[in-house]
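Presented sequentially are two complexes of chain A, the first with chain B as partner and the second with chain C.
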Partner chain A sequence: MANTMTKLGSQTATAQQYGFTFSSIPQTYTDLVLRISARSSYAAVFDGPAIFFNGVTSGYGRRTLGGNGTSNYASSNTSGSYLYLDNSIPAANASANVFGVMTIYIPNYANTSYYKAVNCEAVMETNGSASNITLTAGSWSSTSNITSLTVYSGSGNFVANSEFTLYGIKNS
Partner chain B sequence: MATSVPQIVEVDCSTGIATTRDMTADELAAQAKMQADQAATMAAQQAAADAKAAAQASAAAKLTKLGLTADEIAALQS
Partner chain C sequence: MAAQSTYTPIATTTYASPGVNYVFSNIPQTYTDLVLVVYGRNTYPTATNAINMYINTTTQSSSNWSQTNLNGTGTGNSASHQTTSTPDYGASTSLPSASATANLFGLAEFHIMNYASTIMTKTVLIRGSYDLNGSGALDLNVANYQSTVAVTSLQIGSGYGYNYAAGTTFTLYGITAA
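Now for the complex of A and B:
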């Protein structure tokens, strides 16, 4: 069980912004966690951000399970160019001023012996329409330690006041 | 007139300094592929949702002809 959580970097969009990269990630922690509060400018109810590591655009797989109160859905892909977080933040056609919340957990990111696993939980509530919850199980088929992490908004831009904070976690 | 290159914010975790820079060719390629993939995915999801809604409407019409009430049909489709 983690007993430390240290902020490694944080950024807030001051205007529309397509993406963020956290580079020179220290290798001295056990796990990483990225907390996001965001909304997209894309002309739809949802947008699907994506992440990739070390600038590498290959080897990503994921399965997403989602529910919105009236129906459930699932989607997946293998051998992707990025880890796609399907339907996980509100976009331009969602209720005004609603931001989604995401937690992306990456255990053992500094390990060089086995592939990396990613857990992403995303929720949004729009006070009457288009509530949505997604859970994405992801993987990166690489034994490389993670030294940088990039987040793209998907089809639109992250709007102003979207926030991104990366933490390092130690379990001892 | 110079072409505007999309920009990305890079946060150096060793210094805490954030820098806004032009996206690299690899980053631009990843962005283009992502947007194309996502457009295809969302179109497929919408088509599936439309097909399901059409099938439900068709089924409801047939069930109505069989004498089911609106509440009974709703219970079957929930």
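Now for the complex of A and C:
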């Protein structure tokens, strides 16, 4: 049986950059996994990246559970322009050199019959109060197959050395 | 592009029409961990229904499970716990069901560590998420099946025994540590 978690592409910020796009995504896998190691230049403790598919900026919903070790919170969006992943990467006011880690799982991305589901886990540990964990359930109310994926940093830019790697998983 | 990892598909099925429980049997004992990925929707006539995973049984009931749950809805969070002294439902989370927004499916992932061990009880990390563009839920749960028997079969059941909708996909992967 073949090993089927395959790297489709990887991009690294060499300087501050607002967004990254993976285009011409092969339609031959079952699920997509995007792994991110990133930090934002935004003058705050956290920033909230946003993702969207196929260049379309409508129809995104999400439910988020966040925790920082002492308390937790909930947030959500309905019919948004992006799938907003709030408070999920460290920003300029967080401890220096700390990057956040995110895993975004998109099952059945090539399907043209159903809306798209997204699961995101994001963690950052800054050895201080600006640490956070977020879990997000997302949706895109479109039956279009996903051929491109764009990630924006939110309110700042992704700083240099932020990394984005897209994998395909095949179930056969 | 070269393969990067050991996410090896063991078996998969997609329901072409609504179907009841699914069983993965004769699971090879050659991996380190198992990952069961379910992209699914249920037919129970509410917005959500449970998905339950059982080990080494073909009936939708099994004792010796405990589970700890962290749940969020986007407007509130909660935590809960079930021990073996309370009714058990295997390893569980939830998926959208018949009265949820049409065409929306959820994701449930069960990560079963050291499934072939005959020394350890079986720990399962469960992630469940679905967003219905106005409601939804996400779970991060951990379950323990208090048996040292190696896992050779998995059964995926549902709340009240209702069918899974057409389009539901069950895939079992093996993960090798070395």
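Quick note on the criterion: the second predicted complex is superposed on the first by the 169 of 172 C-alpha atoms of A that agree within 3 Å, B and C clash if a C-alpha of one lies under 4 Å from a C-alpha of the other, contacts with A are read in each partner's own complex, and residues count from 1 in each chain.
Here, a residue touches a chain if its C-beta (ideal position, glycine included) is under 8 Å from a C-beta of that chain, and two chains touch if they have at least 3 such contacts.
Note that this is a predicted model, so its numbers are computed, not measured.
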Message = What does the overlay on chain A give for chain B and chain C, a clash or a fit?
response = fit
Ask   = Which holds for A:76: it touches chain B only (first), chain C only (second), both, or neither?
value = second
Request  = Using the superposition on chain A described above, determine whether A:57 touches chain B (first), chain C (second), both, or neither.
outcome  = first
Inquiry  = Which partner chains sit in contact with A:48 here, chain B, chain C, both or neither? Use first/second/both/neither.
reply    = first
Request  = Tell me which partner A:113 touches in the superposition: chain B (first), chain C (second), both or neither.
outcome  = second
Inquiry  = Residues of chain A touched by chain B versus by chain C: which partner has the larger set?
reply    = C
Inquiry  = I'd like to know which partner A:24 touches here: chain B for first, chain C for second, both or neither.
reply    = first
Inquiry  = For A:84 in the superposed arrangement: first (chain B), second (chain C), both or neither?
reply    = first
Query = Which holds for A:166: it touches chain B only (first), chain C only (second), both, or neither?
reply = first
Query = Between chain B (first) and chain C (second), which, if any, makes contact with A:154: first, second, both or neither?
reply = first
Query = Is A:8 in contact with chain B, with chain C, with both, or with neither (first, second, both, neither)?
reply = both
Note = Taking every C-alpha pair between chain B and chain C in the superposed model, the minimum, in Å, is 10
Key: chain A residues contacted in one complex by chain B, in the other by chain C   = 8, 73, 75
Remark   = Seen from chain A, its contact residues with chain C in the complex are 1-8, 30-31, 59, 61-65, 72-76, 78-79, 105, 107-108, 111, 113-115, 117-119, 121, 135-139, 141, 143, 167, 169-172
Query = Where on chain A does chain B make contact in their complex?
reply = 8-11, 13, 17-26, 44, 47-48, 50, 52, 55, 57, 73, 75, 81-82, 84, 86, 150, 152, 154-155, 166
Query = So in the complex, which bits of chain B are touching chain A?
reply = 6-16, 18, 23, 26-27, 29-31, 33-35, 37-39, 41-42, 45
Key: Residues of chain C defined as touching chain A within the complex   = 1-10, 12, 37, 39, 70-77, 101, 103-107, 109, 127, 129-138, 140, 167, 169, 171, 173
